[in-house]
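Have a look at these structures, which come just after this line.
Shared between the two complexes below is subunit A, which has subunit B as its partner in the first and subunit C in the second.
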Partner chain A sequence: MARTPRSSYKTRLALTPYLLLAPAFLVLIFVIALPLVFSLYTSFTGYRLVRPDSLWNWVGLRNYERIFTDWDFWVAFGRTILFLAIALNLEFIFGLGIALLINRITWGQRTLRTIMMFPMMFSPILVGYQFKFIFNDNIGVLNNALQSLGISDAATPWLVDRNLAMFSIIFAEVWMSTSVFAILLLAGLFAMPRDPIEAAKVDGCSPLQVFRHITLPFLMPFAFIAMTIRSLDVARAYDIVDVMTGGGPAGRTELLWTLIARVGYDNSRMGQANAMAYVSIILSVAFTYYFFTKLVAARRYMGGAA
Partner chain B sequence: MTKTTLKGLALGLTLPVLLAGTALSQDYDYGSFPDTTLRVKLIGGAQYEPLYAEIPKWEEMTGAKVEVLSRKNHFELDREIKQDIAAGTLDWCVGSNHTSFAPQYGNIYIDLNGVVDEAVLAKFDALALENSTVNGRLVQLPRHSDVSNLYYKKSLYEDQANKDAFKAEYGYDLAPPETFDQFKDQAMFFADAPTFYGTQYVGKDEAITGRFYEMLVANGGALFDEDWNPTFNSEAGVRTVNWFKDLYDANAVPAGVLNYLWDDTGLGFASGTVALNLDWAGWAAFFNDPANSKVAGDVGIVRAPKGVGGKRAGWAGSHTFSITETCDNTDAAVSFITFLTDHDRQMIEARKGLLPTRTQVWKDVKAEFEAEGNDFQAEVVDTYSLSMSEDAFTPPLIEPWIEVSNEIWPRLQAAILGEKTPQEALDEAAAEARLIMEDAGYIN
Partner chain C sequence: MNASLRKRLVAIATWIATFLLMMIICLPGLWVVLTGFRPNREVLSKPAIWIPEQFNLNNFAKIFGFGAEQVAIPVPAYFTNSLVIALTSTAIALIIGMSGGYAFARFRFPFKNSIFLGLMLSRTVPGIALSLPVFMIWSRLGLIDTKMGMIIVYTALNIPFTIWLIDGFFRQVPKEMSEAAQVDGCTRWQAFWRVEFPLAKSGIASAGIFAFLTSWNEYALASQLTRSTDSKTLPVGLMDFTAQFTIDWAGMSAMAVIIIIPALILTFLVQKHLIAGLTFGGVKG
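Moving on to the complex of A and B:
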């Protein structure tokens, strides 16, 4: 039976939203979904980068079984959590301090805001090299300064000692990315209404009380957004660590992505590396979920929409 | 006769040799490829760039164009090539390669035997060509080579107080070391941490695996037996690890040495705070340049020491060029890599201290240094020429080499830091290496 012009028009009208959305869906499918499905598939194969035909070598859960019995992987997993927790907290504290200080400045604030963002503009590889030479025990700036000033007469092995090596890497990471927190928190301070603060001052609140009960709760949603962004970044930390220590010595600074990159590229075992990457995604998902929960709670506390 | 006159005379005698070399390179017909664009991926970095400045000359001679797709360090280039293999995008013709990396790539590169003119191949050092051969296929044309010899601070060895004190403590005369045991004695003798160190070594990645490997061989050991069973956890292996560990424990090397790579050791020696430095020829000019180095004019060089097996350390490799199987104009690609490795191009690199792979270039560059009165660089050429012809050997040219190396070096570090005994560390590494060799089909 032939369609009437009216029903054809109705069909076209019903299809229009799907047609309009189709380009977006296609982009999502080809740019995100397909690579994800492909990499998930390879994690069940013995895929070696230099042997394309090994892509069809199905090994089932073998890569995952190897990971669950691989002590080095879980040590790197735990170390990444520790690295993430310390770096994010330090970046938050320093970022908050910088934002509060810059917010008080009335002259030259724009210049200072620009200067504050300089570390973010460097490539992580350059930052890695910069700190590698600063922390070099023999010809590095830091040890030479400490020795010249008479503070120490030893050549401190910054990039070798178990604790100092992690400290040095965290220092470089914090140096480069604190401004992410500072910028977002500064935006929060700019958006902050003056009335509650003035009301609190009239009621006799001390500056510390104003900060504790008004400024900080107002800034927390901004802080949690920064933490969500940075937790995804730090959980994938690779460049700085690779340049400064390469995950060593003896695996002392091995993080998830230095390990995964070595397995996937240097050893060409991309199937196993992808299995590691999928397990490590748990970390990013967990932190993102945690920070979003905190963000919603902070907004609810401030009376905003959940 | 004045020194200037002598130099002039020497230059006059050298010039015909150099001109003869130039004439030889111009005799070669590089062909004509007017409608060809050659897509290439090259290793990048300061010491590699002067050669690339010559590419327009080849373009002018042949009418072809060169499109450089990549210019990265070798580790990044290695990753990119592996990605190309995986993605099936080997749509380029010429790639930089290295003797240590080549076995990984399977058959993506053509066999140059029968493709490159035999008369051209005959001009290369036979050992360099042999080391460029994988499973009987010449998959790469060597550009320059790399082996290490021992630089030392001369004034330390000329000081009478040092000579007397050393003789009294160790019972033999102080002279640049001939063996690794003497090397260790002298490094400990000169060390005065944290202001001065006896020596230093590269402490991570394939760099320390390579050093371990060459000393293992020098001490009479081997990485694998003839059936590819790992054998480096032997007495010779433990002895070799102890050499690194003893120096570390005695503070004869900088405490951060386990994080050092080539730049760190080179800059460390140039800073004047290190007595002995086993390193490649590329640093020689830098060490003797007062603008860059505090030891300029005070640098001596001897061949790498011998181990207890009576053999000298000689871990070597070559930077090379390869042509892909998928190349759409092999003749142009052959012409291009022949040009980049010809006499005149190798002279450009040899003047910078890189080790040539053509026998004639060794002679010509030495003559040039002598004519300039640069005795130190002439001695460097002599020393490296000898070690390339007598001591050089490559790591096993097998696909899993880098993977095996990645199992060895973290455990060497653990042993040096005292987290494991040398025997435990090597046993663990050997067990992991066995798994890799089994997976790769070398052990059934």
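Moving on to the complex of A and C:
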């Protein structure tokens, strides 16, 4: 052996983290990386599920060209972006409000915090079902309540009308995910040092100024953690839409993800669906990357104060 | 307006706001649970019956195949599938996640941050987008509609987040403790099992619960990769009800209750550690 024992120990030590990470990589390569490579290949073919040999039918960029001129795709794409923008902003605002509210309460705070976590742990399919049931125009509790209270006689078609259906879906999404923000922002409020606030008050800052210049900047990293966590699973909205409206009425609640499922499985145009899926993957990755860099920047700004 | 009156008004407003908030959070779920115990006739009646006249376990008996009325949906099989798939994938993800999380918490190595980011990005791939190639590959490997196929997918799905959480929990254990154990003659392996693991144990358990719930709740992939009672999970099974001509709301609600209960219990167990793990792993980087 040419190596001295010392240097072999050193190489072993340097290799240890990679060895520890190896099983994780193996699984992720097999289940995520390889399929994604395959999916990329498929997006350049005219693969249809019903004709297996069409997997070798190379069509170049035709699927992508078709997507970019496909009006339905762009409508779904735009709707998805709009949906995410509205839902995430509402979740942040409500989450902040809820965190500030719970922070004021001294008695029963722990119980409230636990209750707050429940929607987050619900299966999206359940959240969808729950609101499908509540918003049902005929037997839904919402219309029943409106009718019993005499506010409205008509059966409001919550899930059939184009605007109301989108509203109902956003409501379900916000109901499910606001707690991610509320809980992390609340954790931020707990971790917050008291001294700067006291000092600002002594110096004559109004509560609003304290909030604007001290509390909010301190909370931002926590908001970005929430954003990062949320962007890991924004596509869970697929489940909600699928159970509530199935993309209907007449494609008016179609998001990118339900469109992919329709093209790939219902129309069995796998090549085309994979091209769309790639657009959705890039969207998700860009989203997560953006918030992650924001998080890193906010963390650096705080200089490890938390 | 004097100060004490104002203070009291603020307190009252806070309580009202909190009450309304809790109503919004709790009522939808409670309504579904309540419906699970009521007969369909009452659920469908017009005008609405607000105070339940009948309140029993008939719907549960019905979906589990007991009693006079039965549904054509094999809920017990779905329940078993869900349990087997979620438990197995959680166990595997936990072992792999502990090894990976330990690597991130205790070692410095080149490209550490990029590898971490890469792991997280692998989790961002939308389920439905991932389902397309996995569906094609699994159908060639004969893994479609098998529990094994779902277990493999869910293990991969859970690994990144499990590593994130466990990394955070190991980092809360001071490095000095394992070093002290090693000075006292433990090997690194012994130091891990005797010192670091016991201290991070409850955190790791919550990472496990979180992984379990992710598998238990997943729908997008399962809806495409499962076909029959061999592997269909509860969330996919719930959609069986909507495929029927008339929706059996009461039966569906009863099934929803069965999906909710583990989520409620486990959330209750996990809440404290989950918040700590997420914030710690995230903020301290």
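Here are some notes:
Following the convention adopted for this analysis, the second predicted complex is superposed on the first by the 241 of 306 C-alpha atoms of A that agree within 3 Å, B and C clash if a C-alpha of one lies under 4 Å from a C-alpha of the other, contacts with A are read in each partner's own complex, and residues count from 1 in each chain.
Following the convention adopted for this analysis, contacts are C-beta pairs under 8 Å (C-beta built on N, C-alpha and C of every residue); 3 or more make two chains touch, one makes a residue touch a chain.
This structure is a prediction, so every number in the text was calculated from the model and none was measured.
When both complexes are overlaid on chain A, the residue A:Gln130 reaches subunit C alone and has no touch with subunit B.
Of the two partner chains placed around the shared chain by superposition, neither subunit B nor subunit C is touched by A:Ala199. Touch counts on subunit A: comparing subunit C and subunit B, the chain ahead is C.
Judged by the touch definition given at the top, the superposed model places A:Leu216 against neither subunit B nor subunit C.
Within the superposed three-chain model, A:Gly248 lies in touch with subunit B and out of touch with subunit C [touch as defined at top].
In the superposition on chain A, A:Tyr289 makes contact with subunit C only, while subunit B stays out of contact range.
Contacts of A:Leu82 after superposition on the shared chain: neither subunit B nor subunit C is touched. Legend: residue contacts after superposition of the two complexes on their common chain; A:Gln147 is shown touching both subunit B and subunit C. Judged by the touch definition given at the top, the superposed model places A:Ile183 against subunit C, while subunit B stays out of reach. Of the two partner chains, subunit C is the only one that A:Met121 touches; subunit B does not reach it.
Annotation: subunit A residues 138-139, 147, 265, 270 touch subunit B in one complex and subunit C in the other.
Taken in their complex, subunit A has these residues touching subunit B: 49-52, 132, 135-139, 143, 147, 153-160, 244-246, 248-251, 262, 265-270. Within the complex, the subunit B residues that touch subunit A are 78-79, 82-83, 85-86, 88, 104-106, 193-194, 197, 200, 203-205, 254-259, 264, 267-268, 271, 273, 399, 402-403, 406, 409-411, 413-414, 416-417, 419. Of all residues in subunit C, only 14-15, 17-18, 21-22, 24-26, 28-29, 31-32, 35, 43-44, 46-48, 50, 95-97, 99-100, 102-104, 107, 109, 112, 115, 117, 119-130, 132-134, 136-137, 152-153, 155-157, 159-161, 163, 213, 216-220, 223-224, 235, 238-239, 242, 249, 252-253, 256, 259-260, 263-264, 266-268, 271, 274-276, 278-279, 282-285 touch subunit A in the complex they form.
Against subunit C, in their complex, subunit A makes its touches with residues 14, 16-18, 20-21, 23-24, 27-28, 30-36, 38-39, 42, 47, 98, 101-102, 104-105, 112-126, 129-131, 133-134, 138-139, 141, 144-145, 147-148, 175, 179, 183-184, 187-188, 191, 221-222, 225, 228-229, 231-236, 238-239, 242-243, 257-258, 260-261, 264-265, 270, 273-274, 277-278, 280-281, 284-285, 287-289, 292, 295-296, 299, 304, 306.
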